[in-house]
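Both of the next two complexes hold chain A, though its partner changes from chain B to chain C.
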Partner chain A sequence: MADIFNSMIDALSDLLGQGIYVLPEIILMVAAVLSPLLYFITKKGTASAVLTFVLMAVSAVVTCIMMHTVTYGTAFGLFEFDAFSSLMMLLFLAVGGLTVFISQGHVETTKHKGEYYALIAGAVAAMMFVASATNLVAIFVGVEVVSIFSYALVALKKNDPRSSEAAVKYLIIGALSSALTLYGMSMIYGVTGSLDLYGPDGIVAQVSVMAGNWPFIIGCVGMIAGYGFKISAVPFHSWSPDVYEGASTPVSGFLATGSKKMGFAVILKIFLVMFVAMETGVLSEDFQMVFAILAAITMTVGNVVAISQTNIKRMLAYSSIAQAGYILIVLAVMSQYAVVGGLFHMFTHVVMKGGAFVVVAALITAGLGERISDYNGLAKRAPFAAAAMMLFLFSLAGIPPLAGFTSKFILFSGALATPAGGVDLTWLWLVLVAVLNSAISLYYYARVVKAMYVEKPQTEERLPIGRAFTVAIALCVIGVIVLGVYPNVLLDLCSTAADALFALV
Partner chain B sequence: MDVPILSLLVLLPLIGAVLTLFMGGARTKYAKVVAAVFTAAALVLSLYVMFMPSGDLANLTENYTWIESAGIKMSIIFGIDGLSILMVFLTALLMFLVVVFSWNEEDRPNYFHALLLAMEVGLMGVYMAQDYFLFYIMWEVTLIPMFFLISWYGGPRRHYSAIKFFIYTHVASLIMLIGIFGLVFGTSGGDFAFAAVANAGGLSEAMQIFLFGLLFFGFAVKMPVPPFHTWLPDAHVEAPTAGSVLLAGVMLKMGSYGIIRVCLDADIFALAMPVWQPVMIGLGIFAMVYGVYACIAQNDLKKMVAYSSISHMGMVLVGMGCMSEIGIEFAIFQMFAHGLISAALFMVCGLAGHNFGTRDMRLLGGMAGKAPRFALFMMIAFMASLGLPGLMGFIAEFGLLYGLWEYLASVDLMPIILLGLLYMLLTAGYYIWAMQKTLFGKLTDKIDLEHAHDIGNIECVVLAVLAVLIALFGILPGLATDYIMPFVSSIVNAGGLLI
Partner chain C sequence: MIGMEFFLVFAAILFAIGLYGILSSKRGLVTLMSIELMLNAANINFITFASYSGNAAGQVFVIMTIAVAAAEVAVGIALMLNAYKINKTTEVDELSTMRW
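On to the complex of A and B.
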């Protein structure tokens, strides 16, 4: 088998040159171009959905093959295929695949089917470019492409004023964050004279002499703020509940699980590597503290505000903010083991939060409202969806043996473990905050479970769940259980990815 | 051993839980049969293990690597020793009795039994796990079934109580989890097996004291030790009888089990133990006395019994705090005794509520004539709990007070023993008072006597089994101490105990 793959890859690399290392992205760009064409020819949304989904699957297979054959390579001095970028690509492909899979049967999807799938495919391609980019401009352009596609995705529900409002809000805040990022990048370019992150003349190679260099620090702060918007870290989070509420549910799920992870990929690629390179410098400790405080505030605000939400999509939005706070712990701790936990948590977040959004989308299609009180007695009206939702919510709260527990277990323990295998109590306060937040979150998750299982339904009428939704929910349920009980394979991948990330230092 | 007996003890209830869960529609009425079969099988297995030669217990250990990646290692290790076996037997026994006791449950019996069996999975797992990761998972697995047992089958304030129970004990578990992180990474550096942690040891004194505190907090909330007990009266009062029996009978023991298993492990906490000893004794005595005073103030029989659990578990804490051979021995014996006795107590209280329509002592009176079987079992259970010689409770309390005496003599604080005597006196007081108000005197006219009836045959058999066991272990405590002694002396030989 391996020989066949190797010769395939050889043939392709003769054809594409360095382009082989961005082959998965290229496949998705093809999807982005072909799917609207196909729609205009056939006038069938299903055709372009199938095409996009198939090409995403092909791209994922190619990525997997490349992970085992070429494992490493750089393209055009801008992109780098390694264990980290390929793992993130798989994550984006999984998110994109899930979104495409459920969109066709979803009631809120617009008439503009061709554009819709093209936007998703294009956004995923750009996310994958970002994951493999090694140059600040390449990262910036990739993130901008994702942002612009996302604005359009949010606005696609044209008849709903909430959707338009959300899109405008998203656009304005997104523009602000882009401006901040670009300003930060220009400062850093001015100081270091480089836009490449790695390499002998790159930015990372120069950070050790940057202590006390104010333009550099301002540049970093600008970029942290800019990408803080993308991951909806508090205080840059205010857009996300409105956007998630206004957008059609598959798009909300796509944004919560996909574009947020892209923000984390960027932050890991730029800041983690940069701060680890600073080693024991005073500056890196300051930035660690910045991220620790960001993490603590983000998870606390997310969880506390989630308690008072009555709309399930807004509640999930705030819970996403909180989950971002958990992942930010990685940036405060900056150990390899914590990075493994952070990466693993990103994956489990995709299945549990993605799964929750799929359930919400399925129920909206079946005619149920978005308020939590609409979920009363759901266990009688849609037993499978209710049971799955309960699993997703308990997993988000970190109840064993579900995926969210295992990933939080590793993430939180990573904050206390030192690289040599001892205990370091520096971040004990952060872990305490995180753990108490987990407990707070249990309250609002349990409230939804209570509504579904304990309260009386308003009507006994059964809610029909479409076939595509059932399959998608079942896949997420399997993911939540398997990643919780047998995380070995994914953990190994995350471990290799973390090694690759630290090798960049 | 080719048959993985210990895994079976966890898997049998798990299979049963899945089976009963899907017995909807017309098959619902057979759920109780399935549950009875699976709990009986687990009971038979646990008895088989119990009557094996004690040297063979160690051979039962099962060890499978589970997660090994990124520098950490979690394993599924089940092991059994003198402490575990009693708890496993208690779990299996009470689970079977509860299923039989709830034979007439008609509200969604398939879910009811699935929840009970899911509880058994978690409890068995906690009492046999030899790996911190597995231990913690099993510890949390018990929460969700209990949450649903209370919120589906409980009393009028069930929603509030269920959420309070869930979140309160979850917070404590999370604090304990941080302790586990520190413990594992500070010793073995990522291998979560009990043995690996104990063998590595080597925590600094400050770290020992700190981690002991975190773990102790997690366990103490479960026991529960005042002032962290407020979830218990709510949960108990609102839970259905089956839930209360399991809560008091086996779930509270998870806390004291954890303390003996983890906190009193001298390989890990040799330096922290003397520091925490006065705290444990102080909190234990406070729990005893506080529980007793709270009992006196209650009018609801079930609430009274719930508070009596607090004071009895306080005695267990005192015994463990003595850190002497006799203290730990009788702490374990008290755990076992309280498991059986509190099961009987909660069944009796549940029956009072069910058969008489109220558990309020102010409304009851003279029930002995109306319901003689009820009166008999109520008297047996209450007498056992107040420490009547010849029954289990007496042996436990006698031993524990002796342990406390020894400790107080060694620290020159003899007068405190008076608090122990006060506890015994008042315990006897409130139980006898409660019996007098409920059973004797003039027949009440404040309840609907038309519908008040004596307990049925099934409940009678279940209570009789408990009564026989309570008397049996009271007369022949050696049946239990034969398991406890080797376990305690193994910790003593490890150099763990102070006196």
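On to the complex of A and C.
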């Protein structure tokens, strides 16, 4: 079996040269180009959806084969395909595949099917480029492509005032964040004279002499603010509830699980590596403190504001802000074990948050409203969807033995563990804040569960759940349970990826 | 030769004007223009650093940025037009049906 893979990879690398290291992205770009064309010829949205889904699957298989045969390397000096970037690529492909899978049966999706699938495929391709980029130009352009595609995706739910309003807000805040990022990058370029992140003359190699260098600090602050918008860290979060509420539900799920993880990939690739390279300097400790405070504020604001929400998509948006706060702990702690926990939490977040958005999308298609009070008595009207929603929400809150508990446990304990196996109490306060926040979050998740199982329904009428939705929900349920009970399936990959990330230093 | 700091201060002032424009103006289109100012301030920085250090990478970045900014404005104006057709306004204050 391994021989077949090896000969396949050999043939491909003869054909493509260095291009083989960006092959997964190229396959998706083909999907992005062909999908509108196919829709133009056939006039059937299903054709575009199937094409995009199949090419995403092909891309995922190629990525897996390249990971399996350890075909790692650099393309054109810009894109490094390694254990970290390939794992992130699989995450983005999973998110994109889930979105495409449920979009065709969803009622809010636009009639411009060809463009819709092209935008999703293009955004996933750009996310994958960002995950493997090693140069500031590639990172900036990739993130911008994802942003521009997402503005269009949000606005594609036409004739809805909320959607157009959300798109304008997203555009203004997103463009502001990219301007801040660009100004920060220009400062860093001025100080280091390089746009490459790694390598002997790269930015990371020069950070150890940057303590007290104020243009460098301005550059870092600009980039932290810019990418803070992307991951919706408080105080840069104000766009995300509006956007998730205004966009059609599959797109909200796509942004919450995909676009946010891209922000984390960038922050890990730039800041984590940079700060680890600073070792134990004064500057590094200052930045660790900045990220610790950002993490604490983000999770607290997200959870506290989520309590008062009445719209389920808005509540999920605030809970997603809180989850970003948990993952930010990685940047404060900066240990390898914490990175493993952070990567694992990103994956479990995809199944549980993505699953919750799929359930909401299925119920909207079945004719249910978005208010939490509309979910009263759902257990009688749609038992499967209600049970799945309960699992996803409890997993988000961190109840064992679901995936959210396992990943939070690994993440929080990673913040306290030392490489030698001892306990380091430096970040105990942050972990305590995170645990208290998990307790707060249980309150608003349980409120939805109470509405579904305890409250009386207004009508006893059954809600029909589409077949594609049922399959997608079932897959997410399996993911939530399997990743919770057998985390080792993914943990090994996550720790290889963390090794690769730390090898860049 | 003119000192590098003049260009950098000029870019910083341009950036500040753009930021002020975004924070103070209520009009969607003025916000887009302010964002252009901020992006171009960063571009001036890049060109200054590139030309004083003799490293061409910064100039390449500027060309990329110009292309990206053009795409962003194209999509941005389409979104503003869409918002105007549906909500009859592009004033950012009046686009506020969703809060908290």
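Please note the rule applied: the second predicted complex is superposed on the first by the 503 of 505 C-alpha atoms of A that agree within 3 Å, B and C clash if a C-alpha of one lies under 4 Å from a C-alpha of the other, contacts with A are read in each partner's own complex, and residues count from 1 in each chain.
Rule of thumb we're sticking to: a residue touches a chain if its C-beta (ideal position, glycine included) is under 8 Å from a C-beta of that chain, and two chains touch if they have at least 3 such contacts.
Remember, predicted model here, so these are calculated numbers, not experimental data.
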{"item": "Touching partner for A:Glu370 - first (chain B), second (chain C), both, neither", "value": "neither"}
{"item": "Touched partner set for A:Pro161, first chain B, second chain C, both or neither", "value": "second"}
{"item": "First, second, both or neither for A:Phe394, with chain B first and chain C second", "value": "first"}
{"item": "First (chain B), second (chain C), both or neither touched by A:Met187", "value": "second"}
{"item": "Which of chain B and chain C A:Glu144 touches, first, second, both or neither", "value": "second"}
{"item": "Contacts of A:Leu442 with chain B and chain C, given as first, second, both or neither", "value": "first"}
{"item": "Those residues of chain A which chain B touches in one complex and chain C touches in the other", "value": "none"}
{"item": "Touching residues on chain B, where the partner in the complex is chain A", "value": "67-72, 133, 136-137, 140-141, 143-144, 147-148, 151-152, 159, 162-163, 166-167, 170-171, 174-175, 177-178, 181-182, 184-186, 189-190, 207, 210"}
{"item": "Chain C residues within the chain A interface of the complex", "value": "8, 15, 18, 22, 28, 31-32, 35, 38-39, 41-43, 45-46, 48-49, 53, 55, 57-58, 60-61, 64-65, 68, 71-72, 75-76, 78-80, 82-83, 86-87, 90, 92, 95-98, 100"}
{"item": "Interface residues, chain A side, partner chain B - complex", "value": "337, 340, 394, 399-401, 405, 409-410, 412-413, 416-418, 420-423, 425, 428, 431-432, 435-436, 438-439, 442-443, 446-447, 450, 453-454, 486-488, 491-492, 494-495, 498"}
{"item": "Chain C contact footprint on chain A (complex, rising order)", "value": "136-137, 140-141, 144-145, 147-148, 151-152, 155, 158-162, 164-169, 171-172, 175-176, 178-180, 182-183, 185-187, 189-190, 193-195, 241-242, 245-246, 305, 308-309, 314"}
